[in-house]
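Starting off with a structure, shown below.
By letter and in written order, the chains are A, B and C; residue numbering begins at 1 in each of them.
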Amino acid sequence: MTGVYSPFVEGLGVWLVCFFTLAVLTFLYRDNPLYKAVEHIYVGVAAGYYFYQAFRGTIYPNFVLHVSRGVHAISSGDATGWTMQWRWGAAILGILLLSRLVPRLSWLSRWPMALVVGAFAALNLTGFAKANFIDQIVGTMLPLTSYAGAPDSLPFWPGAKAAAPSVFNNLVLVTGVVCVLTYFFFSTPRTGLLGKMGSAGIWFVMITFGATYGSIVLARISLLIGRSTTLLDANLPRYGYPAYVCTVLVLATIVIWRLKFFRSDED
Amino acid sequence: MSTETSNTTSRLEKWLSAFVALDRRWIFLALASVVVFFLIFPVTMPVTVSEQVRAMYEAIEALPAGARVHLSIDYGPGSEAELWPQHIAILRQLFEKDCKVICSSLWTDGPPMIEKGFAVVLSDLEREGKRKVRGVDYVNLGFKAGDRVAIAKIGSSFKETFPTDYQGNPTSKLPIMQGWDTYRDIDLLITIAVGDPGAVEYIQQAQSRYNVPMVAGVTAVISPQLYPYYQSRNLKGFLGGLAGAAEYEKLVGRPGYATRGMIIQSAVHLLIVGLVLAGNFAQFLLWYIQRKKGLRL
Amino acid sequence: MRNRIPVLISAFVGIFMILKYFSTAATIKRVADELEQWGVVTLSFSIVLGVLNLIKINLKAVMERKKDWGYKLLLLVSMFTMMIAGGIKWYREETLAQSGDGSTTAIKNTLFDFMFDHVYFPLSATIFALLAFYVASAAFRAFRAKNIHATLLLVAAVIVMIGRVPVGGAIWSGFPWLQEWLMTWPNTAGQRAIQIGAAIGMIATGLRVIFGIEKPYLKG
């Protein structure tokens, strides 16, 4: 790696990190000019960054470099250079996509959209068919009677491992899959055995959604822990305790705004 | 009902109604207070390793020296808190096993995260006297747009999909890219991903198509969806969120940021569960009082 | 004609992508590989489209001095600063890459890197971190055990929340076991059934799009 930030730039960076973090957190009180300003900065910087990555990451290497190598090949008498010029089709379609910016010409964007939609449809078809359909059905074909290798003890804590396959656990899995699939089958009336299986399916669905919600809480709290740790780690004496100072500055800004400039019709 | 009892019930009803309709900013304040408290006064607690995390660790441990690993970093700053500890732990383990690490990203935010990962892990390794050379031991191929189309393209030819690496060097000239080009030549596919495109798309377009061994590190939101793929052996193992990262840190023997974060996570979860249970209790009590008054059926 | 050509494009691309999955014929592979490259390049132009659209909307608002035009001007200034910084970084790294013999170097002290590390990174991370507060308040407000199903959802969520963190093991040593069992067996059953159902729908939709029965690209 060549180059690191100078101490001044590094210090400036730490102060900016603290300031931006606390400015965004002011939204928890209510929407305010400080939050709006940093939100717009974020959108602007993000858009500029994505623009750079689109060109440098894909358009330049996969189109510009490719066709220029083709031209070089043609000039050296290599006929494969001509087939490399097919890539112009990608650029033409890409430019046609930009016609969406002009309402009168936006119908031209249907061609590149059709290419993308067709590609996605094909890849989803094959991908889902194998990984989400065949492999999952194969994975559900489990032994439901005792078999070699099945543990002797009941599959409960503390004797057995939670994730260890056993006849009981296999039964739970197979029953659950069949019942939930039955629940989502709407072509016949929910009576008799099918009705009971559908009802059991809802129970499994509720457990699934509950587990998902618990995982969502886990995920979101981790993000807050990350920011808090960053603020704490940045709050060093050699930088002048930026977290403390920025907290005071941001709070003062919000208080002044609330007392002097806030209008209730802004809500 | 006597006047006194009636007054008490009325006060209780008011209090319960206020509690059930508590301004969310009080909850924000409680949450922030718990986080700050446990940041300043950390406590350690043992972490239990789950089976799929252990399986992932063993899958990477089983790699021989020189094994070719495609590490797809598909996350950005928004999920850095959960996935960065996983990223660092896995990358360190790969370098310690002398694997060839080929990094790329399907997310625009990915390439700088890849560079940051290299910077942190390689500086640690240099302090231990181990040196890795870019272009020989590791490479950052950069970002590629295209979602699952890009994965399908990568599968059939890495060098055609990535004609240059992130710095602009032609991949056909890099020593690490010589002698191979498709997923059939990859010993392990690892994705550290936050959403779409991510682990599920790699399973559909790469793992199930080319039968390449695969493990994944994902956010806790996505992790419930990966259990079926683990059970059906599409995945050899996976990590879920900060908890998964903490378990992995325990296995690699380097407790770090994730382990430190788990105690704060524990405290916040207790707070949320406490609030939920208290809210339910208050709501049921309120309904009971209102039913007794004839205000509710 | 306007509507027929996109249908033909979609069918052509779809058929070749599917054929590539099943065939090892060199011609099919070459055509499908090139179509995949076209898809990759076209999708990168969609990012460009999004950015240009953002410029168009915000520039118009600034020039017409609409409400909050000051913020939009800030947005545009940030965007162009990042683009110019990216261009400078690209030029510097490209010069280094070309001047060498395939040697690989990375430049890390540019304005682009500074803005990514100290502007984009904290803003992005903190905006997502706000969700933590809202998920906590949503749990308090919405998680009411009104019926047996809601109670089951609540119990499952509580088991996962407590069992997944170290304090769960400290409260009761069976909590981590229970959480892992719940995720590995009942949760897998529900997720798998949903995935199988989604796969059936995706196969049907894919076929409808390729055969031109459904034409989502013709809307708008």
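Everything that follows uses one rule, which is that a residue touches a chain if its C-beta (ideal position, glycine included) is under 8 Å from a C-beta of that chain, and two chains touch if they have at least 3 such contacts.
For clarity, every value in this text was computed on a predicted model and none was experimentally measured.
Asks: When contacts are scored as defined above, which chain pair ends up with more C-beta pairs, A-B or A-C?
Replies: A-C
Asks: Could you tell me which chain lies farthest from chain A when each chain's centre is the average position of its Cα atoms?
Replies: Result for the farthest chain: B.
Asks: Calculate how many whole Å lie between the centre of chain B and the centre of chain C, each centre taken as the average of the chain's C-alpha atoms.
Replies: For chain B versus chain C, the centre distance works out to 15 Å.
Asks: Starting from the mean Cα coordinates of chain A and chain B, work out the distance between those two points in Å.
Replies: 11
Asks: Find the geometric centre of each of chain A and chain C from their Cα atoms only, then give the gap between the two centres in Å, rounded to an integer.
Replies: Measuring from centre to centre gives 4 Å for this pair.
Asks: Which chain B residues touch at least two other chains?
Replies: Expected reply: 28, 31, 50-51, 78-81, 108-109, 119, 144-147, 149, 152, 161, 164, 209, 220, 224, 228, 231, 243, 265, 268-269, 272.
Asks: When you check chain A against every other chain, which residues touch at least two of them?
Replies: Where chain A meets two or more other chains at a single residue, that happens at 1, 28, 49-50, 53-54, 56-58, 62, 66, 116, 119, 123-124, 126, 128, 132, 136, 139, 162-163, 173, 208, 211, 215-218, 221, 223-224, 226-227.
Asks: Of all residues in chain C, which are in touch with two or more distinct other chains?
Replies: 17, 21, 36-37, 39-41, 43-44, 46-47, 90, 105-106, 108, 116-117, 120-122, 124-125, 127-129, 132-134, 136, 139, 154, 158, 161, 164-165, 180, 183-184, 187-188, 191-192, 195
Asks: Note which residues of chain B are touching chain A in the complex, please.
Replies: Listed in rising order, the residues of chain B that touch chain A are 25, 28, 31, 35-36, 39-40, 50-52, 78-82, 84, 108-109, 111, 119, 142-149, 152, 161-164, 200-201, 203-205, 207-209, 219-221, 223-224, 228-229, 231-234, 240-243, 257, 260-261, 264-265, 268-269, 272.
Asks: Along chain C, where are the residues that touch chain B in the complex?
Replies: Against chain B, chain C makes touches at 17, 20-21, 29, 33, 36-37, 39-41, 43-44, 46-47, 90, 93-94, 96-98, 100, 102-106, 108, 113, 116-117, 120-122, 124-125, 127-129, 132-134, 136-137, 139-141, 143-145, 154, 158, 161-162, 164-170, 176, 180, 183-184, 187-188, 191-192, 195.
Asks: Quick one: which bits of chain A touch chain C in the complex? Just the residue numbers, please.
Replies: Spelled out, the residues of chain A in touch with chain C are 1-5, 9, 12-14, 16-17, 20-21, 24-25, 27-28, 36-59, 62-63, 66, 86-87, 89-91, 93-95, 97-98, 100-101, 106-107, 110-119, 121-126, 128-129, 132-133, 136-137, 139-140, 157-158, 162-163, 169, 172-181, 184, 201-211, 213-218, 220-221, 223-224, 226-227, 230.
Asks: Write out the stretch or stretches of chain B touching chain C in their complex.
Replies: 22, 24, 27-28, 31-32, 45-48, 50-51, 76-81, 108-109, 112, 115, 119, 134-135, 139-140, 144-147, 149-150, 152-153, 156-157, 160-161, 164-170, 173-174, 209, 220, 224-225, 227-228, 231, 243, 262-263, 265-273, 275-276, 279-280, 283
Asks: Taking the complex as given, what residues does chain A use to touch chain B?
Replies: Touching chain B: residues 1, 28-29, 49-50, 53-54, 56-58, 61-62, 65-66, 116, 119-120, 123-124, 126-128, 130-132, 135-136, 138-139, 161-163, 173, 208, 211-212, 215-219, 221-229, 232 of chain A.
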